[in-house]
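After this come two complexes, each holding chain A, first together with chain B and then together with chain C.
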Partner chain A sequence: MIKIVHYINQFYGGIGGEEFAGYKPEVREGFVGPGLGLNSLIKDQAEIVATVICGDTFFNENMDQAKSEIITMIKKYNPDIFVAGPAFNAGRYGVACGAICQAVKNELKIPVLTAMYPENPGVEMFVKDAYILETTNSAAGMRKALPALGKFLKKLINNETIGRPEEEGYIPRGIRVNYFAEKRGSSRAVDLLVKKLHNEEFTTEFPMPLFDNVEPHNPVENITQAKIAIVTSGGIVPKGNPDHIESSSASKYGKYDITGVDDLTAETYETAHGGYDPTYANQDSDRVIPVDVLRNMVKEGKIGSLHNYFYSTTGNGTAVADAKKWGAEIAKELVADGVNAVILTST
Partner chain B sequence: MCTITPISLTVGANRILPTVAIPHPLGNPNITKEKEYELRYSLVERAINALQTEIKEQTIFEQ
Partner chain C sequence: MKLEIGKIVIRDIQFSDITKIDQGILHINKEEMIAELSTDMRIKSIDLDIAKPGEDVRIIPVKDVIEPRVKVAGSGGIFPGMISPVDTVGSGRTHALKGMAVVTTGRIVGFQEGIIDMSGEGARYTPFSKLINLVITCEPIDKIDAHEHEEAVRMIGLKAATWLGMLGKDLEPDELLTYETKPLLEQVAQYPELPKVVYVYMLQSQGLLHDTYVYGVDVKKIIPSIIYPTEVFDGAILSGNCVSACDKNPTYVHQNHPIIEDLYALHGKEYNFLGVVITNENVYLADKKRSSDMTAKLVEFMGADAVIISEEGFGNPDADLVMNCNKISAKGIMTVLMTDEYAGQDGASQSLADSTPAGDAVVTGGNANQLIVLKPMKKVIGHPEAAHKIAGGHQGSLREDGSIEAEIQLITGSTSEVGFHNLSAKGY
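Let's turn to the complex of A and B:
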């Protein structure tokens, strides 16, 4: 018999609602709450041997402690598979399910499975760590979520190959799998185009990332007093690239002090970018970030000041998720430094 | 400020100013240093103007 340990929150564990969200981790033998239905779907081959219950607030506020206590509880049962949730669109519960799945996978090296609504923050944080089955946004979807979990569990129990996300109902993890296609790429592309022209359904082989738009910010009111900062994805760095920013698929950005620098020269600055011909930027990096012009505009009183740091990374092949995270970090620092507007240059 | 404005539109930039070329958005190696500086100055001036312009949606600030 395959042994499964199940994780649920204080609500599904029957402890109580929000007023019990501080409930500390507890383990019980057998199944509890939604585990009852789940167990009945797999009982010919597997059994939920234990259920961990933890309050959502406790887990999220004490994540390291909660994870280590829960791992200790789970280990005792020596399970073959770990399941958490379903969490639907409950944010803290989703994060808890994702985090505990990640910890179990890393420490106990067993398959992990959870389920939640695609917009649950737990998805973005942990989609690479666990199979996350897609559910509706509320517990009303339990009737559908449990059979989906049961079906997927059977695949894990029987060590079956897990197919593509759309076949199996899990949220895409961003993992590409090599396979031998019958037709070469060019004819597959034409097939897709023909389907599109006929208004037939088609599945792209390369979905584009989704970008979220933001409301345009108010215009700068008093530009002659404004502090302007430079940010670039053109990879301009001090000569020698001190932070070793990668020429593509950058894993970081740099922050560089230009106090007293009025002009970027071939001797002092260069580009780390590997996605365009660097000749012109290496000759004169002002061609990518206009430090010379902005310094003069300060002298002429056209703008208030130029922020003494610029931020730079190489924007080719950079993961959108990383770029988004860096953008948020950079924006936070710029605001804290009293910057009023940013000129972002892109190559 | 960028040359491939459709990318800027796709990623959600709001105030977009078209520039010269991918490897030298704010310069042109084929003209004299002085002319090149003037070109860069006018581009930055237009960027400064764009920053002071009220917009309701993504806007490309053409010449």
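Let's turn to the complex of A and C:
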């Protein structure tokens, strides 16, 4: 028998409404609330062995604590699959379902599943972490949501291949999966062109994303006092590339000490970047990260100081999600080191 | 401009005493061909190998893939401005040796050369595994800079293809195809009732080692211009190019341009294919603005109702693709875009470096970050350790048993952005 643990909030757990939203995590054997209906749909193959109930406010305001306590509770039952919700359009409940699914997936390495309304904030935050089945915006949709969950659970139970979002009813996660098409790309492009010309319905193979733009900061006020750091995606590394940063699709960044270094030379530094001709960067890496000029500017009193570390990775083909994560890590360290401004160089 | 392409099918390649094509078999006198190619002081040694579909063979690092062709009638010669003197090509008759290619390899030039596996999982990802490949291994002298190295190997490949192409000059082709595009006003008048289509052909020109040549001119230095589609079939455009192997256009792809071929297929039926606008992908913003302005202007000037725009490379040129799309769309002209994706190894990251809501019809060549394990091969032509360095590989890519774990980015032609291959991606 496949073992399933189910997560629900205080309302569906029968504890109470908003006034009980601070309810701390509790685990009960077997199914509770919507788990009754869900269990009946899968009972020939699987069983809800335990249900975790937690108040929405408690979860959201104490997320790390809640997650760790709940994980401990779940672990005890050694489940094969984890289900949360459905949360419909309840925002904090949706976030809790998403967050706990993410934590369970990462820590227990088992399939996770939840369900909610596409506009629930939990979708945007966790759509890549869990299959989120689409529901209506209110609990009135429970009658439809449970059979959908049951059907999807059966697929997970039987280890079946999960098809595309429109076939399976989950909200698109934006995960791109390669396949070999019947026709070559050029022929598909001509087909698309003809459909467009005939004003027929067409489907793009790649929906263009909407980008978030970063507003530029105001200029640095006291530039002559400011501590400046260098961060680059131009791949400058100490000669020999000690961290083996990849020439494309980097899996890491490096942090390098330039204390006492006034000039980068062909003997001491080079680029690991595979997306541009490295000749000129290898001759003189100051061309990518201007250490020599910045040292002079410090001497001339034009800037306060140059931070003793620079951060470097190769930007070509590197996943934006990784770049975002590293950017956040680097920014945190720079702030802690008292850096006031950063020069970002690409190539 | 009217061009006949005579296809001479090559069924096998063998080393023999006399260089000739007989009954579809290409015989090569190895010593003679090596002597013919050994004229560049920058190259220390040249060797030839034959790699056939299904064989337990890997070619690494692949620099270029070229089809042997020869001008039989009409002005100019193959690869004008590079091998043949500058003269307008694209009319008359050209013979091509089909089913085979010249593949150049040898010590790695930069980071961006590729892999062709002739069998196994890797073979599925490269369209060139289906060809009988004559592989030229060119080893440079010890002290050579990257640009000289690239140029020397490029020229040997082109020379070899031209030399072999000559063998097909007087042969009766197995198949004869005709392509014709008339001067603009006549072409418009030929199918007045059909919508007018132009192909916007973006050429990689990000910098040294990221170069493409048109009639011998470095594409960085052009402003966009109009060419007849048939000119590319004669080698007017060729690769000197070291962007990632998966989505650069080897010379073979320019010569057998899939979009141009497929646009011709429905020309006069579904639309009127007027011609090609070539443009570049320079790295400076002013160049990007100028080229995209000019491209949109030329497309409008030709009276196009719709265009297909293809990108070459990724990252920086995504900006050119988006600028071309926005400016052409703003003129009320429909667009279909062709690109590939860098969505991370898990496919969950953002695929492109730039984006536009106007790009509502996109064909993708797939996610280049997808991981693959290439089996060990009995025979490796070239330098397997290049796998650690090639874009798409990483330190440790080449494993002890000779297998390679890397992204499909390092497989030549895997995510072709002119749609030379079948790979694509879906959202999940």
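Please note the rule applied: the second predicted complex is superposed on the first by the 174 of 347 C-alpha atoms of A that agree within 3 Å, B and C clash if a C-alpha of one lies under 4 Å from a C-alpha of the other, contacts with A are read in each partner's own complex, and residues count from 1 in each chain.
Convention: contacts are C-beta pairs under 8 Å (C-beta built on N, C-alpha and C of every residue); 3 or more make two chains touch, one makes a residue touch a chain.
Keep in mind that this is a model prediction, so the values were computed, not measured.
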Contacts of A:210 with chain B and chain C, given as first, second, both or neither: second
Partner chain(s) touched by A:2 [first = chain B, second = chain C, both, neither]: neither
First (chain B), second (chain C), both or neither touched by A:63: neither
Partner chain(s) touched by A:331 [first = chain B, second = chain C, both, neither]: neither
Residue contacts on chain A - larger count, chain B or chain C: C
Which superposed partner A:194 touches (first chain B, second chain C, both, neither): second
Partner chain in contact with A:180 - chain B first, chain C second, else both or neither: second
Touched partner set for A:276, first chain B, second chain C, both or neither: both
Chain B versus chain C as contact partner of A:251, first or second or both or neither: second
Overlap of the chain B and chain C footprints on chain A, listed as residue numbers: 211, 276-279
Chain A residues touching chain C - in the complex, by the definition given at the top: 128, 162, 164-165, 172-190, 192-194, 196-197, 202, 204-211, 244, 246-249, 251, 273-279, 315-322
Touching residues (chain side chain C, partner chain A) in the complex: 110-112, 124, 145-147, 195, 197, 206-210, 243-244, 258-259, 261-263, 265-266, 270-271, 305-306, 308, 310, 314-316, 334, 336, 338-339, 341-352, 354-357, 359-370, 389-395, 407-409, 416-428
Touch list for chain A against partner chain B, complex: 211-214, 216-221, 223, 226, 228, 234, 276-281, 283-284, 286-290, 292-294, 296-297, 302-303, 341, 343-347
Chain A partner contacts - residues on chain B that touch it in the complex: 1-4, 7-8, 10-15, 19, 22-27, 29, 36-37, 40-41, 43-45, 47-48, 51-59
